[in-house]
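Encoded as structure tokens, here's the structure I'll be asking about.
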Amino acid sequence: MTPWFLLFGGLVVVGALGAMALRNPVHCGLSLVVTFVGLAGTYLDLGADFLGLAQILVYVGAVAILLVFVMLLTRTGRGESPEVRPGGWWWGGLVAALVAVGLVGALASVSGWKPRSEPMTFPTVRDLGVALMTDFVLPLQLVGVVLTAAMIGAAILALPERRGGRVGRTPKGEEPEQ
Amino acid sequence: MAANVDQIFVHLMQMMVDRVPDAVAPWVRAAVGVGAVLGLFGLLFGLTTVCERKGIARMQNRLGPNRVGPFGFLQFAADGIKSLTKEDVVPRSADRVVHYLAPLALLTPVVLTFLVLPFGRNMVLMHVDTGLLFFFAAGASTELAVFMAGWSSRNKYSLLGAMRAIAQMISYELPFILSTVGVVMIAGTLSTVGIVESQAARPGEWLARWNLFTPWGLAAFLLFLIAAFAEANRSPFDLPEGESEIVAGYFIEYSGFKFALFFMAEYLGMFASSGMAVTLFLGGWTAPVAALDWIPSWLWFFGKLLALIALFIWVRGTTPRLRMDQLMDFAWKFMLPLALLILPVVAVWHYLGGGWRGWLFCTPVLAAAYVLLGRALVGRRRIQRRVYRYAGEGVAS
Amino acid sequence: MNPAQPYLFLAAALFIIGMAGALARRNAILALVGIELMLNAANLSFVAFWRHGPHPDPQTGLMFALFSIAIAGAEAAVGLALIIALFRHRRSVSLEAAESLKG
Amino acid sequence: MHAIATHIWLIPLLPLLAAGVVALLPKRASTAAIGLATGSMGLALVLSLAAFLATLGGHADGAAHATHIGNFDWFRLGTGSVRLGFLLDPLGAVMLVMVSFVGLLIFIFSIGYMAHDPNRTRFFCFLALFASAMLGVVVANSLLLLFACWEVMGVASYLLIGFWYHKPSAAVAAKKAFLVTRIGDIGLFLGMLWMYHATGTLLFFDDGRGCLEADALTQLGGTAVRGGLTAATGIALLLLVGAIGKSGQVPLHVWLPDAMEGPTPVSALIHAATMVAAGVFLVARVFPLMTGGVDTPVGEGTSVALQAVAGVGALTAVFAACLAVAQQDIKRILAYSTVSQLGYMFLGLGTGGVAVGMFHLITHAFFKALLFLGAGSVIHGCHEQQDIRWMGGLRRLMPVTYATYAVGMMALAGVPLFFSGFWSKDEILHAAWSWAPSRWPFVLGVVGAFLTAFYMTRQMAEVFFGQYRGGVRPHVGHGIPEATHGGTAGGVHESPGVMTVPLVLLAGSTLVLGWLGTPAWPWFEAYLNGHSAHLDFGRLAAAWPMMLVSVVVVALGIGTGWWVYGRRSRVGATAPDPLESQFPRIFRGLQARLYVDELYDATVVRLHHVVSMVCGWMDELVLGGLVTLVGLGSRLAAFSARSLDELLVNLGFDAGCASTRWGGRGFSWLQNGSAQRYLGGLGLGLATLAILVLWGWRHG
């Protein structure tokens, strides 16, 4: 347990708690960013440089921005009242506690962990690229397909709908009726 | 001798680190490095503001600052003192915590981007395998700070400005990143140092191998530069801050030192982008021709950097602001396809091994794409000389 | 205690926090945030196992996490698009607004 | 020799590239599209001829099988890899030449036929795509590649049938063709999976490791599955289902006549010459598998799969011929005749082996393309009129079309000596006669031959003889102004040269091709088997009784046809058919295609409706109803309890009642549409699982 782990782990936990418990959704989103940064730090600490930076690039640079942007678009910035379902924490907490019992129990009962026999070799970015283009080329292509489908799907979902079910851009000066 | 001058800063740093205990050596190295960068670029920031004001004034037939110090060059010091001493006004309805954190959240990643810029031979603060990725990861984080500033002010202009800025930054981030991929493909590394070294002249060659000297490199450089203008929210992409439309964009409600921080972060971001452009396309600290190798590497880097900054100022002084839809169209319908096209072109270039065959293939392809995309963007509208019509002229015709 | 265990406990904590939030919040965006947290917890454990696991495989764990990040990006985009579509119909992003789809 | 064998993949690639480029062209660039598509097809023909010559050279120097294969890794998955390959052998080479030659002629014909269609560009794109897929099927050395091309072909056929998609009937026909052939494709797909499972490869030939080579066949033939069948038989039957679907055999023949809604060149290309032949080709390609995995002598035909092939073929031959007798649409008659002739091919494959079936395939492709293009020319001349009752007397108005059509008709009917259809059909009948398991296919074949001669005579008489009866009814053509035709002949005109030249070329080949497979000089069979042929009139002598039989049958058919239709030509378009007045019920039944479509509507489609209704109902029941039912049940229990309560004890049960009701509500609470509840359920499940595993781990 390095000091870095304590620092970043603390960021992760505090950020996650904030993301889930703060009243204002925008604060939650910003708190989520803290979690992401903490996670990226943890990855760097673990020696996964590329992954850590990718985490920042994807989550902080894209996902979090997208989240807050959607919050602005849907005008939830002020927060709805009440922000939590009636009995929500009770219910969520119960389920989460049960899961926690399971997970922590499983983790705590681990025994007979064999330490790594040979020293760790950290793959360079070039190694990762070569692996992506050889052993993992099929998953890579699949991810490409999934991302393309998601992009098109998201664009279509978010396009304004017109009467008669046709999806498309509304002509200028003609706002969709709500 | 030349080698000593070239490495003078490296030696200085080494001397300093040698004098402290080993345990704190890395910390000292980091602190001195960051301090030097902050000091140097802080100073550059100040001088740039003055130069910009004076330069633009000259373009607009004005005088510009000319009172403080010799030829007004100490104006930035006066401005700095003023902003430090001004009252820090926070709107009552603002979200205080976020409002306070926003300038810091903007400045921190911008400063981080300087860590991976190689200022000269052996002069990079953080020599990592993933330098370019680090640069973009840090750069991507700035959007969040913009959002924080705009949202927390509880001002509709600042919110509008933030949304404009985010939309613009996300749109231009794609060509910004994609235009560099070609360089990575040729250099075979994400390390900024490796990229610079791959552009140096090989022994026996008289011309350096700058990426700018290839057809795709030129195209990618222009794309990168345009995207950098947009990322820096500078004219002609200064919609997020358009004074005449939304007062000052996302930092309307900032005053005093926080405002100065925003201002500084913007300029530092511009320097970082320029530095990255130098690193990626202009050969970093390498000399353009082998005969000029005796000039210290850091001089080359800063010379190129200053040239690019001058270009930034020049563009700001001479271009009108785009409209929002033009801005988006330009990013998605012109820059993104062109940036994507550059990738296969680079692959073919690599496959052909450059040379005249590479030129023969790449130049027409890129030129054709440029012409076709441009025509598609402009559409049926014919570009013609602007006709001015004045009130009182005939309404008919 | 083996070296991976702190990271795994951290991942478990992240997962549980995310799950509790996803179950409790009314706001659909925040439920999505909770799910993102759970995904990130899974990623963290991938990386922890990659680094400290007994099986000396240089890349697979990283690759798994990398692909997971990519898929999570797609998931966030589609989820948020859905929320926008929901908002357009109901003028609200409360999950209760989407409860009319019941058997 | 080797140059073409190793570059055989160019042949399908060229039309594919043309299709790709044409797809990107704007609509107005139709000239470029036509040039590209036709040019690529011409190049493909040249390459095919080169390939053909290469295989000819192959057995001149004494090689047993002039087969060239080129396999490559498509992609690697884990440790295994999926391999594809290309193949050039006599069977494929002759198909290549046929497909590209007929295809090229049809492309040229289309230039004239589609000259007025505004969507020519799209049309040629589809045509080229189709041709590419068909050529791909021919050169594929892997069942997987064959299947892929097969499916592309299906898509292209769908697009072409529905080319005039603004006509509802065309759109429906396209959908029907697609769905019905899909049923067959499921069989093919399952067969393919089984094959991969059993042999671990999908390559046909792979230096002894392919699935059509001795090792795999012995293994497949030796693997018994239930019912006394071997794996080879099972796979062969499944592949046969695919072939049946594509080749329009009974019971999946219903799509083919409807497919005539497409433009006539499409009918000629797809539904006469090439695509429907793909089923036959598939059976021929996997013939070693069809024989049951063991080398039975050709003609014995003892394997179950071959018996099925022969049975299906014989049945289809007669069935479709019957239907053809009563059709009024010139293209539909040809369509049913195609189905019937395909049945002959299957019969030939099943009883006589590859050479017999393939010979008929090749000759049929030429004369049926000829007939279809002739029909197209007639239709084009008659202003998109397709009903033979509204034609007549075209002999004088369209002399070239008439002459070439007559050649095609006589070839199809099997008029002796000079027409290719005679020789190929005769071989099939001969093989059927000497087939050991049963005499029925032969009898059915003879009946079919009679019917074929009969309905073709009918068609000739109706279309080309008598008086022109059209020009009265308003036409439902596309884009032909009403004013262009007037006068007694209704403006009927001979088609332009670009359409008649292919007709003449096809007629010429029809006359020549027959000589390649006479019993006296069985060059074709020898070529496929890699021998060289010898001229021997003795074999002709041995075959003459059969030839006599078929001559008599054909003469009888043509005679009857002429007696019924030719003696007195039809007076007016609305007059009833002579057969109709004689046997009204049978004729109407035949006209309505023996109600097969209605049967399918009443059974398969209805069943499908019922099944989907049941599914929908089950869905409601399980997802919604069940919960409500539980609630209702508990309420019912509660209600009865309360009644009892009120009636008998009037106290004490209230609490029980309430709790039961609460239970019912509890069940329906599970299904409340709240995503978070569902997520919570997931979480609870996960927790339970984790705890159970943990428990088992501790105590297990």
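Residue numbering begins at 1 within each chain, and the chains themselves are lettered A, B, C and D in the order written.
Going forward, contacts are C-beta pairs under 8 Å (C-beta built on N, C-alpha and C of every residue); 3 or more make two chains touch, one makes a residue touch a chain.
Treat the numbers as computed from the prediction; the structure is a model and nothing was measured.
Novice: Cut subunit A out of the contact graph: what components remain?
Specialist: B | C, D
Novice: So how far apart, in whole Å, are subunit A and subunit B when each is placed at the average of its C-alpha atoms?
Specialist: So the centroids are 29 Å from each other.
Novice: Compute the distance, rounded to whole Å, between the mean C-alpha positions of subunit C and subunit D.
Specialist: Roughly 50 Å, centre to centre.
Novice: Counting in whole Å, what is the centre-to-centre distance of subunit A and subunit C, each centre being its mean C-alpha position?
Specialist: 5
Novice: How many angstrom lie between the CA centroids of subunit B and subunit D, rounded to a whole number?
Specialist: 63
Novice: In subunit D, what residues contact two or more other chains?
Specialist: Expected reply: 676, 680, 683.
Novice: Identify all positions of subunit A at which a residue touches two or more other chains, and write them in rising order.
Specialist: Correct list: 50, 54, 62, 85, 88, 91-92, 95-96, 99, 103.
Novice: Can you list every touching chain pair?
Specialist: Chain pairs that touch: A-B, A-C, A-D, C-D.
Novice: So in the complex, the part of subunit A that touches subunit C is made up of which residues?
Specialist: Against subunit C, the touching part of subunit A is residues 1, 5, 9, 12-13, 16-17, 19-21, 25, 28-29, 32, 35-36, 39, 42-43, 46-48, 50-51, 54-55, 58-59, 62-63, 66-67, 70-71, 73-74, 76, 80, 82-85, 88-89, 91-93, 95-97, 99-100, 103-104, 107, 110, 113-118, 120-121, 123, 127-128, 131-132, 135-136, 139, 143, 146-147, 149-151, 153-155, 157-158, 160-161, 178.
Novice: Within their complex, state which residues of subunit D touch subunit C.
Specialist: 623-624, 627, 671-676, 679-680, 683
Novice: In the complex, go through subunit B and note every residue touching subunit A.
Specialist: 95, 98, 128-130, 133-134, 136-138, 140-141, 143-144, 147-148, 151, 159, 163, 166, 170, 173, 188-190
Novice: State the interface residues of subunit D toward subunit A in the complex, per the touch definition above.
Specialist: 75, 77, 676, 680, 683-684, 686-691, 693-694, 697-698
Novice: Applying the document's contact rule, which stretches of subunit A touch subunit D when the two form their complex?
Specialist: My answer: residues 85, 88, 91-92, 95-96, 98-99, 101-103, 105-106, 109, 137-138.
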